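Note that chain A is present in both complexes that follow, paired respectively with chain B and with chain C.
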Partner chain A sequence: EFRFGSCRVEGVVLPELWEAFQAMKHTVQAQDNVTSVRLLKQEVLQNVSDTESCYLIHALLKFYLNTVFKNYHKKIVEFKILKSFSTLANNFLAIMSKLQPSQENETFSISESAHRRFLLFRGAFKQLDIEAALTKAFGEVDILLTWMEKFYQL
Partner chain B sequence: VPCVSGGLPKPMNITFVSINMKNVLQWAPPEGLQGVEVTYTVQYFIYGQKKWLSKSKCKNINRTYCDLSAETSDYEHQYYAKVKAVWGTNCSKWVETGRFYPFLETQIGPPEVSLTTGEKSISIVLTAPEKWKRNPEDSSVSMQQIYSNLKYNVSMYNTKSKRMWSQCITNHTLVLSWLEPNTLYCISVESFVPGPPRLTRPSQKQCVSTLEDQTSGLKVK
Partner chain C sequence: HITEDSPKLLQHVKFHSSNFENILTWESGPDGTPDTVYSVEYKTYGEREWLAKMGCQRITRKSCNLTMETGNLTELYYARITAIDPGGRSATKMTDRFSSLQHTTIKPPDVTCVPRVRSIQMIIHPIPIPIHAGDGHQLTLEEIFHDLFYRLELRVNHTYQMHLGGKQREYEFFGLTPDTEYLGTIMILVPTWSKESSPYVCGVKTLSDRTWT
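So, the complex of A and B:
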């Protein structure tokens, strides 16, 4: 079960996501030649409070689904890693659809803080050529999963 | 004098071997250069930063490994390393590792295991392995502090019944009860953390015998 603050997500088996990414890691990361740029920098993911985590994970997963996975699909077919890719994408979709970040006024400042972190990530993404950015974002899923693991309980 | 790049074949099988965050770069000599006094030069790179960095102790070395533990000690970063072979004014092209992520890839060594036997029980106390440290006198950091979800897989073998079983625990003590008295049991423990699959390294097998059954010695009057 994931617990991103008050957001609970059940029914996702994190080891399956790891296994799926591990099957693609070397293929995808080897394509990333812009090694001087890291999108999921420590400023994006470090010291995220529990309450902030739900907003941040929701924004990140939404971006991965709607931008990264959607546009990287051609490469996935080319690399013949469709099965692993589908496992990852479907699980991200399942998690995101179960997240309900609170919209109340009291949490406005927290959601703003999460949004600034997300903008840091997206800003770095937009500075790159789209193909390079997609490859890099996909190759950094291990950084994202490592952060998500902190909120996962067996 | 810069060497002529590509004049030599490249080193092979470059990889990081990492145990408890001791991160050692290893490679094999280039093919076809037996008997030639080749030396090697290593550089490393922190993902997201700008330049390749040198390690002076791994410049023009004869050995085929380089300890980069200090240089890769921030385990939440990711790294690359590369090596080239040099011979006189000739050198090979660089050969590079994939992206190395110590936090996900380091092998978690076995815990320290101490056993105390009872008549029908064995008490097991585990001490988490220690993270690599720069100097022996530095204070120790337990791998438990890095991986709060560190778990142990305790394997037990009854040498009389030839029966083996195992148990996964999160805390550091385990009491095996309802054992057979006066029986030799062998125990081995490996550490593991959830996350991507990684190599594990079980502890040395330790065998201890449960004590004699005290009641069997009593005479029934």
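So, the complex of A and C:
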């Protein structure tokens, strides 16, 4: 079960996400020659409060599903890693669909903080050429999973 | 004058990590000679600068300990090696992106098996790893992997085993026969990261029963 603050997500098994990504990791990361840029930097993921985590994970997963996975699909087919990709994408979709970040006034400043973190990530993404950005973002799913692990309990 | 024209000087550049001790290894390529020298550099993923690893410059051995340099668990790293042969030909090869959290394997636990008359006690010792917390104290595996637990098995005979498990470090198998050989195996498991150590095995004989019956 994931617990991003008050957001609970059941029925997703983190080791399965890891297994799916590990099957693609070498292929994808080998395509990323820009070793001097990291999109999911420390400033994006470090010291995120529980309350903030639900907003941040929702924004990140939405971006990964709507931008990264959607536009990287051709490469996935080319690399013949569709099965693992589908496992990862479907699980991300399952997590995102169960997240209900609170919209109340008193959490506005927290959601704003999460949004600034997300903009840091997206800003770095936009600074790269789209192909390089998609490859790098996909190759950094292990950084995202490592961060998500902190909110996971078997 | 060094020319970059001999990729066959060098191959299989990779990290090996066990309990967070991170060793870079490589092999001489088909064109390599015993006089070929190797120089190691490393960098943090996302940084621009490559840093030379002191102690692994122009060496002839084929391994280099980068534990200290790659010890931040929230960072990922690259290493690269430049091989130069006596003829001045060179080759440079880089590792895959490395994360010790993902890549490290777990060594067998360190256990003391204590035989008694009708039981066997097993004491698992903490395993310090070469990673320090912010306050400087040396971390243990349990502090890094919050879902780490131990699985213990005592083989009584070919068909019967006893099992114990959990997060604590002291266990005792009761109801055993005095003066009898038993085989204990103890493993470390980290489910979230799908990590499992190979077993620590101890052969133990229970003490004789000296009480007068």
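Everything that follows uses one rule, which is that the second predicted complex is superposed on the first by the 154 of 154 C-alpha atoms of A that agree within 3 Å, B and C clash if a C-alpha of one lies under 4 Å from a C-alpha of the other, contacts with A are read in each partner's own complex, and residues count from 1 in each chain.
Throughout what follows, a residue touches a chain if its C-beta (ideal position, glycine included) is under 8 Å from a C-beta of that chain, and two chains touch if they have at least 3 such contacts.
Computed from a predicted structure; not experimentally measured.
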| item | value |
| --- | --- |
| Combined model on chain A: chain C and chain B, fit or clash | clash |
| First (chain B), second (chain C), both or neither touched by A:W18 | both |
| Touched partner set for A:D50, first chain B, second chain C, both or neither | neither |
| Which superposed partner A:E149 touches (first chain B, second chain C, both, neither) | both |
| Touched partner set for A:V37, first chain B, second chain C, both or neither | both |
| Doubly contacted residues of chain A, that is, touched by chain B and again by chain C | 14-15, 18-19, 22, 26, 29-30, 32, 35-38, 41-42, 139, 142-143, 146, 149, 152, 154 |
| In the complex, chain A residues that touch chain B | 14-15, 18-19, 21-22, 25-26, 29-30, 32, 35-38, 41-42, 139, 142-143, 145-146, 149, 152, 154 |
| Contact footprint of chain A on chain B as seen in their complex | 45, 47-50, 76, 78, 80, 98-99, 101, 103-104, 149, 194-197 |
| Contacting residues of chain A [partner chain C, same complex] | 14-15, 18-19, 22, 26, 29-30, 32, 35-38, 41-42, 45-46, 139, 142-143, 146, 149, 152-154 |
| Footprint of chain A on chain C - complex, ascending | 43, 45-48, 74, 76, 78, 96-97, 99, 101-102, 147, 191-194 |
